[in-house]
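Chain nomenclature is as follows: A, B and C, assigned in order of appearance, with residue numbering initiated at 1 for each chain independently.
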């Protein structure tokens, strides 16, 4: 009973497999913390690279994989203004991230994307920007920050508040130093009480409390918040209290995903697919969602 | 069977707060389905007959059910054995559950777990394996290994990995089942071939000496895979080799997972 | 009019198989009836409800969607092009045929899934009008009917008191099938039997209106107590399309599998970090009802349920979409949705 492999209706266009990724080469890898690593990934050819950057807008995500292990969702952590390669930053949490972490320079992984919506930065020209990030959630905002800094003249003031549990948990330390040194960026770093080292020169305190102390005026300012659920939960009320409108406050949702293309059915919040309608949402949108865990 | 008395007892348990929830059976479109009674005045919906084969002890692993402890369960002897075994495996405290005991067309009243244990040992100490299942096991044992493998391959080919068997079984209470572990991946996730074989056989082995032969897994299987052939065979082996009588002694140690210096070591070569 | 004796359905299956179709029919298999590939000698059963749905042949329960040759630390992608045999879904239920609108939509609403589409393009759908229904049937409550031609390329009507079948082609694929059937069909006349009487049991719009306002209702706890969290309903459901992707490898080759998955499983939405946005069975069962009766209607202007009733027939715990919906409608009557 061997199945007849003849197809009655011959496909009229080229067969495409939307689940088939492209191979990417690890061009560089960097340890951000003890368990967080950044990979710099080069495209297999100019055609793939061009196709990606024609589509890519900041805030979108991809699926990074290792054949035999599986795929994982992370944001693209590098901006569309830097078109020679892309970067991703992830914490080792399971089978796939362990395999990705073990890749050495010159070795390959797989990639699908870019997927999802993006931050509407073209609508933010001339506006001030406030970035609030916690721990391992800096990567999505890092892509926006570099996107803005690479087009610095088009935007107003840039303020960044970044916090982590301890000094050791701060990611992108060399870039933090670079942002700190710029006179057109206002960077405040903080660690949770007890997480400081002897030579720590930043703040000591939880992100929501430090935000209340250092936040810029809300007028003409877009706020972007990414962090662990508990940080988001306590930061959003502070932003609201400071006068940042919910419609101008952005965050990303990171629900479990498999397909990334609106089919596998697990990332939905209400009728919205985080993989299609997100991952970027305004707080105003989140408030209209059932149980968005905010 | 005195159904009126069962309903009356269920209502009284809820009314005087001795139980936060009564789980029994109700009739729906000609079939018996589990019923969850939270108010005394709903107890009249409870029914019971021989078609009520779901093992209600499986519900005790649900956090939202446990929140309503103590829970009273309509339980036939097999289900009482499940409860005793859950206690032996430290999944239940003695006062977590009350039993609305039914058996041999008799309603035995509201029992504590200790009383249910006594009833089991006095009245239901010899629950025979279903005769049809035994006959089918014998038929399989007459087969050559190749024939038997073919039989099981055909059966397991039907498995869709819906895990209804696992869900229906009170003893499948692991928070993360081996079939969902992927570091390493013990069992292929594909609902086909060796993965299906491995899943069904490994589940049976995990129940060796623990299966009380209630039949709920087989009844739950949408595909009609005769799971009790595996379970009853292993139950027989555990009984013959290790005197395993799961669910009769709330202090008993599990056959697999306990050690005795007199254990037969003849199989180690 | 093309007709055949009802007892000769297996001859039609034989003829179509001979003409190169993979013929999928409801057959007796042990003590169950299931849709399976026809093989001579099998017993066709149109009088009992199959345990599986027709989706099995368009969206199989496990499928290789990507494949690699592993070479030490590197890999080589291999082409994946699953077979898309010319298939006829013969004498399936109209509620199975109706479910294809949902599957076609989800696999094409944005990205187009060519793995599904290749099989779909090669499939001819020939439902058999139902002349009997059971207590779990509710197609008429969700826009269907026992004689619906939704999704059908041809329709089989029982006729002359069940002794004959009329085969009515509706599309080009249907006409091609009639042609392929050749002598298995005769020209003649027969009087179609009345379709089954399936009373409407609830109004999906009323259910949807209640759902919109009642994400947090206490009723969800009550409705979901019985659910033991398996995938029996989702896997039997003709419209459930959720899947998992899993890699498996030998030393030299790896495959990426697409396996059916279910929102009823606790692990379905659980994050790697341990957090679960649907932490209990009430949240998971609510998603199942919401998805079919609120999210899909809102997103795609379809009802995500065809009223086949398999979920209720197969659930080992007595959960039932029909019962949930009638209960919800009852609730909606008690406390009408806010008019805005």
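In the analysis below, a contact is a pair of C-beta atoms (placed from the backbone, for glycine too) under 8 Å apart; a residue touches a chain by one contact, two chains touch by 3 or more.
Keep in mind that what you see is a predicted model, and the values were worked out from it rather than measured.
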Chain whose average C-alpha position is farthest from chain A's own: B
Central subunit by CA centre of mass proxy: C
Pair of chains ranked first by number of touching C-beta pairs: A-C
Where chain A and chain C are represented by their mean Cα positions, the distance between them in whole Å: 37
Whole-Å separation of chain centres (CA-atom averages), chain A against chain B: 47
Distance from the mean Cα position of chain C to that of chain B, given in whole angstrom: 31
Numbers and ranges of chain A residues touching at least 2 other chains: 94
In chain C, residues with contacts to at least two other chains: 244, 246, 248
Where chain B touches two or more other chains, by residue: 182
Of chain C, residues touching chain B in the complex: 29-32, 34, 51-52, 61-62, 135-136, 221-222, 224-226, 228-232, 234-236, 244, 246, 248, 257, 259-260, 262, 265, 267, 280-282, 314, 316-318, 320, 323
Residues on chain B engaged by chain A in the complex (per definition of touch): 182-183
Interfacial residue positions of chain A with respect to chain C in the complex: 1, 3-9, 11, 15-21, 23, 65-71, 93-94, 97, 104, 107-108, 229, 254-256, 258-259, 261-266, 268-271, 276, 290-291, 293
Residues of chain A that touch chain B when the two form their complex: 94-95
Chain C-facing residues of chain B, complex: 28-31, 33-34, 36, 38, 54, 58-59, 62-65, 158, 160-164, 166-168, 180, 182, 185, 188-192, 216, 219-220, 222-224
